[in-house]
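This report refers to the structure that appears directly beneath it.
Chain naming follows the written order as A, B and C, and within any one chain the residues start at number 1.
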Amino acid sequence: MSAAVLTQSLRKEFKLGWGRGRVLAVEGLDLEVKRGEVFGLLGPNGSGKSTAMKMILGLLRPTSGQAEVCGCRAGTLAARKQIGFLPENPYFPAFLSGTELVRYYGKLSGMGGKALEGRVQELLSLVRLGGEAGRRPLRTYSKGMLQRAGLAGALVSDPEIVMLDEPTAGVDPAGSREIRDLIRELKERGKTVIFSSHLLEQVEDVADRVIILHRGQKLREGRLEDLLTQTGEWQVRAKGLGEGQRRELHAWLIQHGAEVMQEGSPRERLEDYFLRSLPERERR
Amino acid sequence: MRESWRRIRAVAGNTFLEAVRQKVFAVLLIFALVLLGGANYFAEFSFQEQFKFLKDLGYATISLTGLLVGLLGAAQLIPAEIERRTILTALCRPLRRWEFVVGKYLGLVSLLGVMLGIMGAVFWVVLRWKEAQLIGMEGGEAGVVQAIQAESRDPRLWQAFALIAAKLFVVCSLAVFFSTLATSTTFVVAMTLMIYLIGHLQSVAREQWLESGEKTVWFIQLFLSAVALLVPDFNLYSLIDEIVAGNLVPWRATLEVVAYSCAYVGVLLAAAAWLFEGRDL
Amino acid sequence: MTREQRLATVGFSGPTAVAVREKLGQGLVLAALGGFRGLAANALMLQAHGAWEEKQWVRVRSALEMATLLQPRVALFWDLASWHMAWNAAVAAERYDGEESETRRRIEARKWVEAGRELLERGTRAVPEKALLFQRLGDLYWQRLADYQAAAACYREALLKKDAPLYLERFVGYALDRAGEKQAALEYFRELRRSMGESPDPARKPEVVEREIRRLENEIRDTSAGRTK
C-alpha cells in the first residue's frame, strides 16, 4: 500500500516581483507519512510548515520536486478527495451557520441528499455543535467553536487523511486538550493525521512521528520515542518512600557508579493542573 | 460532468446566499422609490414625452443598480475570499479551480437575474399605473387610449431587458476576469470601468480613424483592431435607446447581441479560469 | 509649437484633425455616459423647456441640438427642436418689440424658420424610416415657408413609411391644390380614390376624397369657362 503522503525534493520559491528577488520557503523536502499514523510538522514561525502543507494540498505549485497523496499526484481531484484540511486560524463565510458550513463543504466534496444530512448531524454532534449551536451564524461563534466547526467541515467527506495547520493556536487549554483527544480518536479510527504546530509540548502528547523544519529545510525526522529518548539515562518514579529510604536509595546509586542528575517530587504539567482545577463540567 | 455541475451549483448557491444575507436586495427599495418618484416628473409634457422619460429613467436605474451590484459583487468574489482565506477551505476540496470561478460567476448572475426580474416587475407596475393616470387625464378618446397603451404595453420592452441583462453579464465576467489577477477590489473596479469606457468609445474611434478616408498609421490600425477584438463593443447595447425611442428593433438583432455577449462571457471566464489555475493561494 | 502643429507631427493634419478631435471629445462624453444617454437627453429636454418659458431661444436650440447629438435616433427631439425654432422662436422674433424695423424682424424670423427646417432635414436623415419628421417638414414648408410644392413632396415621402397616418394621403392633394396645381391635385385625388377600391376602408375617408374630386372638377370647369368667356 502506498504511503499516505510522499514528497521528493519538494521546493518552493516565492517571487517577490518588481525585481526584488525571491524567497525560498521550502527546500529539498523529502517526507513520508505512513497510513494510520499521527505525523507532526514542527518548526518555528516561517519554517515552511504551512507552505509544505499547501503544496501537498495543491493550493501551491511546487517550484520543483514531487508530492503524492495515497499514490496520486498532489493537487489532483483524486488526491484532494483523500484529504480533509483545517487551516490555521480559519475564516469561514460568516453568513453561514455551523450546519450550513458543514453541508456546503460536503457538497463541494461531492456529497448530497440524505447521506450528507446524516453525516452533517453526526459530525456536529461529535464536535458538540449540534442543535441550537449549529443553527447560529458563524460570526457569533467563539474561536474554539469556529475551530470545531472547521474540524467537522474537514471530516465531512470521511477523508483518509486529516491535515490540521496549527489546530490549537489561540485555543484555550480545555479546547486544546479536546483537539488532541480528537486526534487520538481519529487515529484509533484508522485515519492518518498530519498536523503542524510550534507548541512542542502539545505535539509530544499525540504524534507518532515528527519532522522538524527550519528555514524551509528538514533538520530532523523520526519517531518521537527514538528522537526524545535519552538512552544513557534511566528514570524511575516511585511512591511510598520515606525520607530515610530515599537517602538509602541515593547512596546505593552513588555506590554503584551512577550519577544522580535529578531527584525530588515530580512536577505536574501546568496544563494538567489547570484542567484539574476547573469544575467538572468545564473540563469537557 | 454531473458531479462537476453539482459542485458548480454548490459554489453558485453559496455565492447567491451570501449576497442575500448581506441584504443586497435592500438596494431594490431605493430603485423602486426612484422610479415611483420619477413617474410624476415631466407631467406638463405630452404623454409620449412622459413615457420616454419614464422608460429612460427605468432602464437607466435598472442598469445602474445592476452595474453597481454586479461590478462590486464580482470585484470581491475572488480577492475577498483570498483575503479572508475562506478560499483555502473551499479549494482544498475536490473542486476544480475553473468550477470555482464558474460557480462564483453563476451565483452572481443568478442574483442579478432575480434582481432584474424584481425591478422589471416594479417597472411594469409603474408603467401600467402611468397608463391609467394618462388615460384618465386624456379623456378616454379611443385613438389616444390606443396610443398610450402602445407606449406602456410595448412588447419590445422585454427586448430591452434582455439587452440590459446581457450587458451586465458581460461586465460581471470582465470583473471576474480581473479579479483572478488582482489582490484588491479597487484595482478590479478601476480596470473594469476603464474597459467599460473603452468599450463605449471604441466604435467612435474606429469610425473616425478607419472609416473617415484619412490615411492611418499602421500601428494605429493595429491598435484599433486589437481593441476591437479584445474589448467588448458596448455601443451595441444602444439598441435599448432605439427601443425606448419607439423604433423597430428586430428580435434577430437583439439575439445577435445576446449571442455576442455569451461569446464574450465564455471567453472571459475561460481566460479567468486559466489564469486562476496557476495562482498560488 | 502650437497644439495643431503638435498633432500634425503625429500624423493628424488638416481640417479633419479638428473634426476628429471634436468627434472624439463628443465620443468621450458619450462613452462616459455609457448607457445613460437617454437620461442626459431628457435632462436637456427639461432644460430646453425651461429656456422656452423664459424665451431664451438660443439656449433652447443648443439644449435640443445636444439632445439630438446624444440620441439622434429619437424623432421626438428633432420634432421638438424644429417646432421651437420654426414656430415659437420665429413668431417671437416677428413680434419682438425691441426691433422697430418690420423688415429686420421678418429677416430674423426667417432665420429661425430656416434653422428649424435644417434641423428637420437632418432629422429625416437620422430617422429615415419614420413618417413623423417628413410630415413635420411638410407642415413647415406649408405653414412657415408657403412652399406647397415642397410640402406635397414631403408628405409623399412620409406616406412611403409604414407608420404614416392615413390622413396624410389627402394632405398631398391639399398641398398641390394650395400650390395652384389644381389639375395635378385632381389627378392625385382620382388616383387616390381608385387605389381605395370598391369597398374602401372608412378610415381613409373616401367621401372626403370624392368631395375634393367634385370640388376640383367644378373649380377647373369654372376656371376654363371663365377663360373662354
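The rule is simple: a contact is a pair of C-beta atoms (placed from the backbone, for glycine too) under 8 Å apart; a residue touches a chain by one contact, two chains touch by 3 or more.
What you see is a predicted model; the values in this text were computed from it and never measured.
Taken as a contact graph, the chains are arranged in an open line, each linked only to its neighbours along the path. The most distant chain from subunit C is A, comparing centres defined as mean Cα coordinates.
A simple rule picks the central chain: find each chain's mean C-alpha point, then take the one closest to the mean of all protein C-alpha atoms, which gives B.
Measuring from the averaged C-alpha position of subunit A to that of subunit C gives a distance of 84 Å.
Taking each chain's centre as the mean of its C-alpha atoms, subunit A lies 47 Å from subunit B. Mean C-alpha positions place subunit B and subunit C at a centre distance of 37 Å. Residues 42, 44-45, 48-49, 52-53, 55-57, 59-60, 63-64, 164, 167, 196-198, 200-201, 204-205, 208-209, 212, 214, 216-217, 220, 234, 237-238, 240-242, 244-248 of subunit B are the ones that touch subunit C when the two sit in their complex. Taken in their complex, subunit B has these residues touching subunit A: 3, 6-7, 10-11, 14, 17-18, 21-22, 84-86, 88-96, 278, 280-281. Partner subunit B is touched in their complex by these residues of subunit C: 11, 16, 19-20, 23-24, 26-28, 30-32, 34-39, 41-42, 45-46, 49, 71, 73-76, 127, 129-130. Put simply, subunit A touches subunit B in their complex at residues 14, 54, 57-61, 77-78, 80-81, 83, 85-87, 89-93, 95-96, 100, 104-105, 107-110, 112, 150, 153-154, 157.
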